[in-house]
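Going in written order, the chains are labelled A, B, C and D, and every chain counts its residues from 1.
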Amino acid sequence: MPHTEQSQPIRQLLAGIKGFRARYYERRPDSMRQLVTEGQHPEILMIGCSDSRVDPALLTQAEPGELFVVRNVANLVPPYQPDGSYHGTSAAIEYAVRVLGVSHVIVLGHAQCGGIQGLIRLRTGQKTDDDFVSPWVSIAGSALDPYINGADGTERSQADAERLQQQPDVVERAAVRTSVDNLMTFPFVRERVEAGTLSLHGWWFDLEDGELWAIDPKTRLFEPV
Amino acid sequence: MPHTEQSQPIRQLLAGIKGFRARYYERRPDSMRQLVTEGQHPEILMIGCSDSRVDPALLTQAEPGELFVVRNVANLVPPYQPDGSYHGTSAAIEYAVRVLGVSHVIVLGHAQCGGIQGLIRLRTGQKTDDDFVSPWVSIAGSALDPYINGADGTERSQADAERLQQQPDVVERAAVRTSVDNLMTFPFVRERVEAGTLSLHGWWFDLEDGELWAIDPKTRLFEPV
Amino acid sequence: MPHTEQSQPIRQLLAGIKGFRARYYERRPDSMRQLVTEGQHPEILMIGCSDSRVDPALLTQAEPGELFVVRNVANLVPPYQPDGSYHGTSAAIEYAVRVLGVSHVIVLGHAQCGGIQGLIRLRTGQKTDDDFVSPWVSIAGSALDPYINGADGTERSQADAERLQQQPDVVERAAVRTSVDNLMTFPFVRERVEAGTLSLHGWWFDLEDGELWAIDPKTRLFEPV
Amino acid sequence: MPHTEQSQPIRQLLAGIKGFRARYYERRPDSMRQLVTEGQHPEILMIGCSDSRVDPALLTQAEPGELFVVRNVANLVPPYQPDGSYHGTSAAIEYAVRVLGVSHVIVLGHAQCGGIQGLIRLRTGQKTDDDFVSPWVSIAGSALDPYINGADGTERSQADAERLQQQPDVVERAAVRTSVDNLMTFPFVRERVEAGTLSLHGWWFDLEDGELWAIDPKTRLFEPV
């Protein structure tokens, strides 16, 4: 496929891959060889958002082989639902925990999450018009219960909506907590957590100032790290 | 949350985030500020595998803000199925195409894909024992049709299995083709592709030698880039 | 020149340059173009050691164009001596200050400096056997005066040598101070410092724990930054 | 020293060092520890220019510990002159070859070299007004002999100047050749080259297109690598 016919963003990605090959295959040939011959052995599953500004590998300065990564809208974990239909996030959790045997699962939320904005609109009774985003983000719907006075009247939900849109970080962090809770509904997760061989972490990255917050396992509250 | 109580892999991730903050918020303060004040405007949606060795941002040397990323087992795109249940990958595609208005969608497959190994076992009649991985990878099941002589007899499927396990890259590339085809079942994708404002790409990264292969839009065959 | 005939370390450097070209000329074409068309405009002259472990660009996460760099053994600045012979470090200082008009000159010392080890041996009367290193490091010879009880007897200088070799960081920092003082012997430096358009900095990097120390302009003592 | 009192370029360097510490001391603690406990063992001495755009470590994607580096104006090596005065570049060559035992010495020139511009002005009889740059770059003066018709008349040298200023890359490469020749005047270099344990390389980096040129050891001509 001739390189020159490509549009600019694609040409730049191809140049990036050329640089990756120079760096990891030629400059430091040992760095990839072991990952190829021995396979991957990551210790960490990170469930992050698709948002282009919060890339798990860039954010944590990871090298190839370190992080097994799921990325979806709003870094959500659905509850355990083994009904034979397509569950991409659940499949990745199962693969990471049962096949790769990771020791840590991290749910990584972040500020300014568009998916959580959608959830706020949805839960405060605003009109939505999409096929998949609203059903998907409704996974974290119950996270808003403490913050919603009721959807029984237009006035009230309007007030809720305004208030929540002014503090979306509260919802973003509540949604991370829900996802961590949902992780515990997977039997193969719960067993290993109870056996002490798997740790669950809830993180929230404040895009505005670069601070990381994490759930304190004792108080279950988010605290700056 | 005291830093020192954390285990080694987590401490290292936290150190990585500290380095990210030093680099992107203090060393080059302009680099994140714009992404925070103006929001994200990625031109590319990349659908990659959760495999720790094939990180889209590392592989393409991307900076924050460049790639909107979905990662799931075997970089699969399910068919359009707007039934109100949880479809994480479809939600991300919808968000990228309809809300962010990306210009390119890239499905990025790779060599040595564990999910595709699972698909080969599944399609050649071997016993599987999982809740989510097998149903999930069956999305690409039809990709194997041309390579399976039939699952009607144990002998035959055994031969198929052996043959396919010796050339998994054929299946990996066929699965990328299936995912690209499935993208076209989404009305909001098809419309924009037909209007010429959205391009679909099928890539396969050969982990063993660092070469990238891409679907030639004319022949629909994979060629080295 | 065929790539394949080269020995391994050279092949790896060439691969690194290939990666640089992919990254800076193709992946981010704007990053070098401006430096090529408009020339360099660094604000900083850094005078560092040749030591492979203390690279100014890596240490400060600099991009091309940011630092004008001199590197010599023990990051020394000789006194102003315009005698028409070859003065490499002085030429670079002159070029940076008079032609490029930098705003800052930083002398960057570091722990475990082999050149300073040589200076300690030299100043404590130990035998040296070299053509250039001893004369060169003697630039900072006076830096040791406060720490040497006298070179008049073997016993005494032996004691000095042992003591100094146990705390070479004292000498390393004193040598940085001498180099900063020597900078002020250059008329074109002194004038701009006195005019307030040029700042001089003395830094010392503790290789062992990664801490940076800097001369406090008021007390002239090194303090952790 | 309070961080906040510093000017912007210095604050950014300090942030870079903070990032370096996070990356090399905390994120990958093994990467520096060995260099601290075992000392440096670089295989390569690189003699590069002080120019901010051609940083040896960035250009070759080196990690700490890989390159012992001299940087001066125009990447020059003076001839062997063991007269007891200050010879910074010669001291570094001596340290690299005799103490560290490097296997390769690379002289790295580049396009758009300000020092070489100065040399062209100097050798074509133009007025210069500096203390150190002109004497220093005169090291490579003989490199211009084949390109200068004579400095005996104003007209002729004017024509030479115009011609050379239009093709400075010829002079830049000739100067690299002179520096490589000068390396052979150091007895400790010559001995090891003749014994086959040390290799000398002359490189020239074309800043404009990112191509590297190298002296072909057989023809002594520069060829693209």
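A few points about this structure:
Definition applied: a contact is a pair of C-beta atoms (placed from the backbone, for glycine too) under 8 Å apart; a residue touches a chain by one contact, two chains touch by 3 or more.
Everything quoted here is computed from the prediction, not taken from an experiment.
Shared contact partners of subunit A and subunit B, listed by label: C, D. Each of B-C and A-C has its own count of C-beta contacts, and the greater count is at A-C. Centre-to-centre separation of subunit B and subunit C, using mean CA positions: 47 Å. One finds 45 Å separating the Cα centroids of subunit A and subunit C. Across the assembly, subunit A contributes 15-16, 19, 22-23, 27, 61 as residues in contact with two or more other chains. Every residue of subunit A that touches subunit B in the complex is listed here, in rising order: 1, 3, 7, 9-10, 13-17, 19-21, 24-25, 32, 35-36, 39-40, 42-44, 50-55, 57-73, 76, 78, 80-82, 84-96, 98-99, 103-104, 106, 112, 114-115, 130-133, 135-137, 139, 199, 201, 205, 207-212, 214, 216, 223, 225. If you check the complex, the residues on subunit D that touch subunit A are 22-23, 27, 61.
Residues 11-12, 15-16, 18-19, 22-23, 26-28 of subunit D touch subunit B in their complex.
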